[in-house]
C-alpha cells in the first residue's frame, strides 16, 4: 500500500507527469496552527535548481484541499496537492520500450503488466517525496520540542564535494552520498517492542524513499567489530543519559532520551547522460540508450529535508501512540 | 504493536521467564503440509548450546495449538507455543533495580512505568525470536521455489573467528558480527511502490530482531562512493537479468528477479561478565553490576536462521499480495 | 481513521464547504478500463435535484488526478476530486454556536475542541458519500459478474411514497426510509472467520454512511422469532444452493453463493425547516433555531447507489483477498 | 483476518475440538490489576449448563501465558488460553460429508478446499467467543467508569420465555432472541468520522459473533417511519444531554455522552435434533441428517456477556485513540 502509519497516517499519490502529486494525511490532531506558507522553507530545501540538481521548475506551492479551517488543522484528513507544471513528456515516448538502468521502468512494467504510467518514472518518481516533505512539516510541529536535523556527510566519498559534483555533471555522470540524521530532545519511551520498534519504523519509511541503499543507527556497521565491553552504553543518570551513544538512541526498540542518530547511504542518480545498455521490451533485442534532458547529478543533495520529514512522521506517530497508552499522563 | 504483515500476519508474544513464548500466525493458506517435526531443523539452528552460545536448554519443541488438522494447515490462525523451561529467575531479582547496559531494562521500565516483567529481559528477550523462526518455516514453504539462505560473513571483524570467540568468552566479553542473506529464484514483482517497497518491509522486520545496528542492500554503503555509470545495473535479458546486481535485487522497491542480497550488522551480546557501571533506579546512585550466568558470546551466531525466517515472512506476505492483484493469474 | 479496506483500500477526505471533497483509492489492480464518463451514471443517481432532494448543484464531475493512464488504471493510487461549487456558507455563520439537532455539530465541536469546519456539516456532510460512489464504480467492475442492486422498499412507512414526501416537504419536515440491497452471482467463499466476516465488513462500511439506524441480513430481526427448524436453510445442490435464504447469503461470515440480501433503516433528514430547540455553545442558554435553505426531505432517496457502492467495495476487497489465499486458482 | 482493533487489538484463535482456544490481546496499557480470578464472573455468565444451554463442560479456566506479572498487566501482549476438555469428536466423523444446515460446514469446506477442521464447527464454533469474553473483562476495566450492560429482551418473541424454551428443547427445536446492550457514562467524543464511526466499529465486531442477524441503534428500524421533527434529539444541556435519545448515543459516528443503546437479533441455534435435508459432499446426493448430542436450545441466552465484551473492546480502542489525539488532556 501507499500508506504508512498507525495513528498519524500518510498516503502518497500521483505521477511525475500526471496532473498532480500529493499527500493525504489522516490522524492529525485538531488545532495545530498551519498556513500554506509554513511549508515554504522545507519545500524549498527539497526543490530543484540547487547546484548539482535538476532544472525542472516544480511549482511546489501546496494546495490544501481539506482538513484546514481558519489557519488551523481541523482533525479531519488533510489533502495537499502539488499540481505538476513544466512537464515535457516527449522524451519518454522515445524510451518507452527501453527501460532505463537503475530506474523502476522494467519492474513497474512487469508488475503492472504494461499499464503503468512510464512518463518520468510515473508513480516511482522522486517527485513523490514532495508530499512526504509536506507531511513532515506538520509532523515536526507535533513532535516539538524534539528537533530533527539532517545533513550531508559526504558526496562521492568526500566531505568537500563541490568540485566532484561539477566534474560528474560535466562528464554526464552522477554521484552517491551519505546523509546523517539526528534528533535532539527526543522523548523517552517512543517505540514498541518488536515490530513497532522505533528503528523498524524509521527503517520502513526511510526505505520507501527512492535511492536508499543502506541504513545504520549509532555505531552501525562498526558495531560488528566492537567488543561488548566497548559497545555497551553505560547509564550515567537516572533520567537515562548514557556515557556513550553507540546504539544511536534506542534500547529494545524504544527511545532512551539520548540523541537519535542514524545515517543512510544513497545511490548515485540513476539518470545519467552517458550511453547505457538495455533491452528493448518489444523486440527483446539489446539496445543502447541515452537519457536526455537535465537531471540531478546527485539525489543525496535533496535528501536531508526528506529524511527529516520521514523521521518526524515516525516520531509523531509513536508520540501519539505513547500518549494513548499512558494512564498517568 | 507486536504484529507484522498485511495478509500473512504474525504476532509474537511471551516473556523470557514467563510460562511460554510463541507466535500467532494468521493468513496462512489452507492445505500446506506441516508437522511439528518440520520445525526441528530450523529451531535447532537457532538453539543454544553451539560453541559461543549460551548453555540454556530452551526446550524448543513447538506445541501447535490451533490451525492444523491432519498434518495440514487449515486456513485458520496457527498458534505455536514454546513452554519455557530451565529458567532460573533468581539472578534477576538482584539486578532488578540496576538496568543492564546495552539491554532494554531501563527503557522498558520507563515505558511501562515499572510494570514490565524484567526477568531475563522479559518480552524484550532474544528468546522471542523462536516464534519468528517457527513462522519462517511455514513462510519458506509458501515462497518455494524461492530459497532464502543466510550465512555469517564475519565475527569480530574476522571470517575465521573461532579463536576470537574463545578469547572473548574467556575474557568475559562478547563480539558482534555481520550476516548476509541471499534469496535465489525470487519471483519478479514482489513489493509495492513507496511504503510497501520490498526493502522497506525487510528493513522493518529485520530491525524488529534484537541487536541489529545496520542493514544494506546490494552494494549498500559502498554505493555512496560509486558513480552512476558504475552503479547502474544494465539489463541483459528481457526476463530481467542484469549484468551486475548493485541494487541487490530490487528497483523501485519491487523485486527484479535477480538475487535478493542484503547484509546486517549485529552488535556484540549485551550481557557480559565484566563489571559495568549503571544507575540504581531506586536510589539514583551510580552502581557497578556484574551479570552472572552464562550468555552467548556472540548473538550473531544464531542470526542466520532468524534472518532467513524474517525474509521468508516478508516474501510470503508480498507473494500473497501479488497474487491478489494479478488478474491474469 | 478515514480509511477502509485491507487490499482494495479507500480513504475519504474533504468538507462540504471547503475547496473539494474526494476519495483516494489504493490497491486497485492495473489494467481496468476507466474513463471519467464511467462515473456519470452512478453519480447522477446520487445527485441532488430529484424530487424530494435538495436543490444544491453539486457539480459532480470527477477530476481524476492520479492512477489513470490511457483510460486504464495503472495500479498506482487513484485520487478522485470533486471541487465544491454553488456553496453559500453565510447561513452557517448564524448557527455556528447553536448545534443543529440530529447533526454532528455538537459532537464535532467537542471532539475537535472547536477547530472543526462547521460550515454545512464540514467533514460530516453527506456530500462526502460522492467519493464512496466514485470508488463503487470501480469496485463494481472488479466484482463482475456479481451485480449489486439496491432499491427503496419504503419511505415514511409506505411503498408508494410520493404524496407523503410532498406533504413532508411542504410542512418543513422530513421522512426516513428502508433500502434493500441484493447481490446476484456473488462468488462462494468471500469473507473470513470472525472479524472479517462478510457481514462484519458490510456492517462496518454501511454504518460509515451518515443516517444509518439499522441493518439486517436475510430474515434479520424476524429470525429472532423463528424456530431453528423453520430458519435453517437446507442445502439442495452440491454447489451450495439452499431451499430458503434466511441467512441472506452467508454462513459463518462466508458467502455461500446464494443471493446476498440486506436491508438498512435510514433516519429522516436531520435538517428540517421547523423551529427546533438547542443550546447556545457560548452562552449555555437554550435557544430556538430554524434551519434555512432547501434540504433533502428524505436522504433515503439517495441511498440506493451509495449502498451499492459500499457493498461493491467490500466485495472487491474480499475478492482480492480470496485470490491471494487460493493456491489452486 | 482474525484480528480486530487499532490500538487495543484482539486476535481469536483455536478450534472447538483442537487442543485449545484463546485470545491474544495487544495494546493493553501496563499496570492494570488483573488476576485469573477476575475472569470468573463473566466466563461463568457465558458458560454452558444454564437451563436451555448445552451440557458441555467447557473448563473455562483461563491460562494466562504472557503479558502479566505480579498480578498486573505489563504492557506486553497478553495470551489467554482455554484448553479444550470434555470433547467427543466421534459424532462429527459421521456427518463429515453432510454439511449441517445453518452451520458454516459447507462454506468452510469450500473456502478452505476441504482442509478445515470440521469437528464441532472447528474455528467457526461459538466456543471461540470465550476469548472475546476474556478480552472483554480487561476492556471493561479500561473504560471505567463507563459500564456496559446487556440483557435479553425476548426469546422466541416473548419476554417471559421459560416455557417456550422447554417446549422447543423437548421438541428437538431451537429459538432465536433479541438482546439489548446499554452503556452508561460513556465519554463524549469516542469514534471517528466515517470509517471509524463508533457504530461502524460496534457493528463490525458484533457481526463477528456467530448468529447475529440484525443490529439497530437507538430508535433503529422504527426511525424509518418517523418524521424528522419527531426523530431529532433536541439538546437540553451544554454538556450534551438530549431530551430524547433516538440516535442511541452518537451523532456523526461520535458518542454524545447520552446512553449508548443498541439491540441485536440472534437466530435460533443451528444444531437441532430434528431430521434435516442436506447434500452429501462426496456423492452429491441429497441426504437426511440428524444432529446428535445436546445443544443449546437458544444461543441468545449466552449472548449478553458476549455483547458486553464486544462493546467494551470497541470503546476501549476508541478511548485509547481519543487519548492519543487530545493535546489538552
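The first chain written gets the first letter, and so on, giving A, B, C and D; residue counts start at 1 in each chain.
Methods note: a residue touches a chain if its C-beta (ideal position, glycine included) is under 8 Å from a C-beta of that chain, and two chains touch if they have at least 3 such contacts.
Fair warning: this is a prediction, and the values are worked out from it, not measured in the lab.
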Note to self: Comparing the two chain pairs, does C-D have more C-beta contacts than A-D, or is it the other way round?
What the structure shows: C-D
Check: Where centres are the averaged C-alpha coordinates, which chain has the largest centre distance to chain B?
Finding: C
Next item on the list: Averaging only over C-alpha atoms, locate the centres of chain A and chain D and give their separation in whole Å.
Entry: 44
Next item on the list: Between chain C and chain D, tell me the centre distance in angstrom, where each centre is the average of that chain's C-alpha atoms.
Entry: 25
Next item on the list: Could you list the positions in chain B whose residues touch two or more of the other chains?
Entry: 1-3, 6, 12, 27, 30-31, 75-76, 111, 113, 123, 193, 327
Check: Mind pulling up the chain C residues that touch chain B in the complex?
Finding: 6-7, 27, 29-31, 75-76, 193, 320-321, 323-327, 329
Next item on the list: Mind listing the chain A positions that touch chain C in their complex?
Entry: 1-3, 9, 11-15, 18-22, 24, 26-27, 30-31, 63-67, 69, 72-79, 81, 111-113, 115-117, 122-123
Notebook entry, point to check: Mind pulling up the chain D residues that touch chain C in the complex?
Noted result: 1-4, 6, 12, 99, 101-108, 110-111, 113, 121, 123-124, 128, 154, 156-157, 168, 173-178, 188-189, 192-197, 199-201, 203-208, 210, 212-238, 240, 242-243, 246-248, 250-256, 265-272, 274, 276-279, 281, 284, 286, 300, 322, 327-328
